[in-house]
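Both complexes below contain subunit A, partnered by subunit B and then by subunit C.
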Partner chain A sequence: MSSHLQSERPSLLQVRSLSVEYSRAGAAPVEAVREVGLTIQPGEAVGILGESGSGKSSLALAITGLLPPRGRTTGGSVRFEGIELLGLGEADLDRLRGERLAMVFQEPGLALSPFMRVGRQIGEVLRAHRTVSAAAARERALDLLSAVRIEEPDSVYHAYPHQLSGGQQQRVVIAQALICEPKLLIADEPTAALDTVTQAGLVELFRTLRAELDMALLFITHDPQLLAALADRIAVMYAGRIVERAPADHLLSAAAHPYPRELLRCVPARRGGVGRDSSPLHVIPGMSPSLSPPPAGCAFESRCPDRLDRCRSEEPTEQPLAAARSVACWNPSEGPPR
Partner chain B sequence: MTSRSARLAAYCLLALHAVAALPGFFAPYGYAVQDRDFPYAPPTRLHFFDARGTLHLVPFIYGLRPDEGGSYAEDTSERYPLRFFARGDSYRLLGLIPSSRHLVTVDAPGRLFLMGSDALGRDLFSRLVYGGTVSLYAGLFGAALALALGGLIGALAGFYGGRLDSVLMRTSEVFMALPWLYLLIAARAIQPLDTPPARALLIVILILGGFGWPRPARLIRGVAASIGRREHVLAARGFGASDLYLLRRHVLPRTGSVIWTQGALLVPQFVLAEVGLSFLGVGVSPSIPSWGNMLGDLQHFHVLTSDWWWLGFPGLALVFVTLAYHLLARGATVTSG
Partner chain C sequence: MRFLSRRALHGLVLLFGVSLLTFVLAELAPGDYLSRLRLDPTVSDETIELMNERLGLDRSAAARYFYWLRSVARLELGYSYQSGEPVAGRVGAAARNTLWLSGVATLLAWAVALPLGLWLAERRGRTEVALASGATSLLLAVPDVLLALALLLLAVRTGWFPTGGMVSLGFAELGWSARLLDLIHHAALPVTALVLTIVPTLVRHVQAAFGDVLDSAFLRAVRGAGIPRRRRLLRYALPAAANPLISLFGLSIASLLSAALLIEVVMSWPGIGPLMIAAVHSQDIYVVLAVVLASTVLLLFGNLTADLALYALDPRIRREGE
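Showing the complex of A and B:
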């Protein structure tokens, strides 16, 4: 397929000004996601970068209709393959989830039922969506275990989750997610609970599987380095809003918004030799603001090194910056970080 | 230790329920068969040695003849050996298969009163066995109904939470606050006096189950709520699992231990409830024996003073059943814990 045709393909996922809030007993609701827009093309890998509480998980849960009872979407639209997901009935969502779009959570140990053998848990996803025999589901589950590079699929098939390592558990969850060959995989910090070596293996797995299955990926993380290896485009979330979006290499090398610039400075630099880097780690001063209610001006204003007077009173709107780039900042910087 | 006593209790209860399920076979006589010649007979003694001291491997009994004091003496002129699997009064096995075989009986005119007889000369052991059918299964079915209702309501309340949870749990509180004994009496009282015993039993079961559900429902709600909030349930939902599937495969299997423990506690409670009601005369009417209406004879003074066996055996049976169920419940708690 030529690149020209590819651009003609309709969006796989189109999120428009989506807002999510959580109600609290006896207090104002928390506006966790505020008018977020996001588009994913078929086969594309989009990363969402943000710290804890930035609303990135809420965004993923809202897209898949899995918000907890206290949370609700207060506006916007989520179109997946041309179907509006907000307001879609549970039965229709059930048909879609696992079949056309799947979600992988942060803690693989919690995402698997401790009372069922993992092979069965993988096969049941297939059987929930397709009319297949138990034997066929078993066959396919074993295939998937091999596909996610599990060393001994047969023994893992019969294991209970607690008998597996964290990395194996997450591979099992990914096998569950992929057994129906979904068009979109949403991964919410899938490697956060794992050690670095396991993390690298999983990132590699996501890369190869995406290519093999022509599947789009929405990868949510707080770790910029993971996105460098995985994502085509990155959207940065802060305090419930997307503050910058850019192709991955642009964002990681020359972010325009002060928040990702500061965030990237927080990653310890790797320099040659051992023990030579004695400079103190960079910390962004202050804390992310309360979203109940959100501040009037820019949410990053109090922590921003480049703030202007208007930042306090006026919330910046998203401005196009260059091709496929935009930023929500009154004082964006150009060029590489300091 | 506990598991062993629980297992023993389970076997005893199993045996007891088997006997109660086939009363016609285990009882020597029908529950309504009267022998007016032998009212108030004490428990018949089993003998191995006859008057001449000869040993008989199969135990035998002697006939009875009234003595001057209004009591009975053994008539040693004729022996009646116990007969196993012999023909006697006819009955229907499980209410279906006609049969007249009995586990143990004696040839007429001998009468085998293992636990004595009542004022009409009816065999109390036979009545105890038939009464067990009523009392044990009233408890069992009542508990099954309460658990089914409680399990369903509790699982729904815990799984969905929110408004449904509030409504169901407040309803359960109302039901717990209702004085069910008086309701039972009232429900029984509006029935005509000639209500057939089977129907009276059904009413007892329905009321026991209909008012017994709140406690198991509240416990199961807790379990369902904690399971329903687990991330693996959310993850399963993310893969397209429907509510029904989640309830069936993730929530209900985890409530099993609570259901078993509750069941083992509810059954004796309900057996006692039936006994209490029948004792008061608002349960099963005395034309069909139940342990409750057998104990109802406690209201007669002479029973206390001279005919102790009327009370002793149904009372003992009741104590035994209650104890066994509680051992079972404790075993279930320990095992699931």
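Showing the complex of A and C:
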């Protein structure tokens, strides 16, 4: 569906027209992801921007084969290093996950076992994928704890998760994800549960680690400011579809689709340094539509300030704008935001 | 350990309360041990008077309770009106038999329920799970007595199993391996009955506990890390699901014990069930007290085991206790 303007380098991850739906007892299924295409090159950092319910987490789960039992992919293809992941057996996926393809989730406290010492849990991932001695796994886990900038790795190694702060826990989870040096790290809102200072530290960590390890990153968030610091390219998701994709600086300074334009206006501006900004925060009116079934026209139509008549009846398809940019909108804007 | 001593104190207070309550309830029941003798025309009033005095029944209820407490301190647990002997020996032997029966049944029931529940939890939403839940519902709906009677009927019809008792005649002359076989042969039916009464509940809980864990963000993260299935289930899912299951273990001992009392009566297993029934019938009050006390001790022991297991397993609880 999306036209690929990249060069002929082999892609690391190639998602084509992927759809995900969740079944519900006694009701029509929810189409959470609708024909999404996404390509990631080796070493590239791609951001997915979207509000909760946009399907961004479902996309990540579908790629890694971790959808809950109610969810299933209804079409499309996910190729990772040339291997089709959809329909791959659980045992094969186990071999891949944590080794070539790693994931970090939102709640670090939920990702760790409360019954095992932290260092051991990091080493376990290595031992699940490589034949290494317990001593070597321990050595490597300690290295990783230093790599994720944990002070006193020795004492953290022997701690239980509940003895660590949220930021430390997330660093441990990242250490776990990176111990096999994956080619792609998918991070789903990894900082959403943490305070601002911790958040900034983690974003910095993601940035340096990506450079150090030459690893691709798929960073999923609702916060455009995080992507400004992290992503090479950004894809914006709304109601299960990608509505715009562009290089990060373009998207953040001059988005074409009205949804990211409105979304960026919701971020409180830091005007004039210290002092309270008295202007009211911007709010996008309305709610994202039900996806059971999805609306006939553009999903953003009811909330859109720039809607046309055809938006209600006809769903816009993704159109190329300029190099490496595309938008799914009948009335895209040009130039800087209002 | 402070945890243990606090637990032991709780237990003592509970035992005291239970004994007092049982005593009061037994006192409130009309008549006493001698009521039936009084109706017997061949027993003279003088004999009744003499017995009344000798058994201490002429004294006040409070005096008799305190007498009993002193006797508990001497580990005799009072004496039986019927035999005149201290109760401890008889109740002790019966409690051992009950412990044996319900201990084996507990182990077997969990050995069945854990893998079965895990297996079902992994296959949630499939046909075999619906079938299994139908079967467990059916088993749950059948009263324990009916189940025991059906098994007895089976034993009578086929002659494969003895229909009562714990050992055969001439048990004492057998070698140890033959004794063990004989014991197993006799225990087979009551143990089966007990396991069947409790397994459906256990399976349901195990299935629910594992189902919650398998669907959790935690297990999703463990899968995301690529930990292989076996290890995932045993090292990650099992401890995470164990918390409610260990509490259930304590509860399962309680329900197993009450089921055991019933099944012992139906299948004439010489445990504390039949002893209690007989004692209540003849208003042999100290025996009743001792039996209730023994089953409370067994119950407390079960709960203590569960608490200790919980304590040992979960570093978070361990920290609070320190």
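Everything that follows uses one rule, which is that the second predicted complex is superposed on the first by the 326 of 338 C-alpha atoms of A that agree within 3 Å, B and C clash if a C-alpha of one lies under 4 Å from a C-alpha of the other, contacts with A are read in each partner's own complex, and residues count from 1 in each chain.
What we mean here is this: a residue touches a chain if its C-beta (ideal position, glycine included) is under 8 Å from a C-beta of that chain, and two chains touch if they have at least 3 such contacts.
Just so we're clear, the structure is a prediction, and the values are computed from it rather than from any experiment.
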Overlay on subunit A: subunit C relative to subunit B, clash or fit: clash
First (subunit B), second (subunit C), both or neither touched by A:Tyr160: second
Touching partner for A:Pro280 - first (subunit B), second (subunit C), both, neither: neither
First, second, both or neither for A:Gly87, with subunit B first and subunit C second: neither
Partner chain(s) touched by A:Arg97 [first = subunit B, second = subunit C, both, neither]: both
Colliding region between subunit B and subunit C, picked from 2-10, 20-28 or 38-46 after the shared-chain fit: 2-10
Footprint overlap on subunit A, comparing subunit B with subunit C: 64, 66, 69, 90-91, 94-99, 102-103, 105, 107, 110-116, 124-125, 128-129, 173, 176-177
Subunit A to subunit B touching residues, read off their complex: 64, 66, 69, 90-91, 94-99, 102-103, 105, 107, 110-116, 124-125, 128-129, 173, 176-177
Interface residues, subunit B side, partner subunit A - complex: 161-162, 230-243, 245, 249-250, 253-254
In the complex, subunit C residues that touch subunit A: 124-125, 215-218, 220-229, 231, 235-236, 239-240, 313-316, 319
Touching residues on subunit A, where the partner in the complex is subunit C: 61, 64, 66, 68-69, 90-91, 93-99, 102-103, 105, 107, 110-116, 124-125, 128-129, 160, 162, 173, 176-177
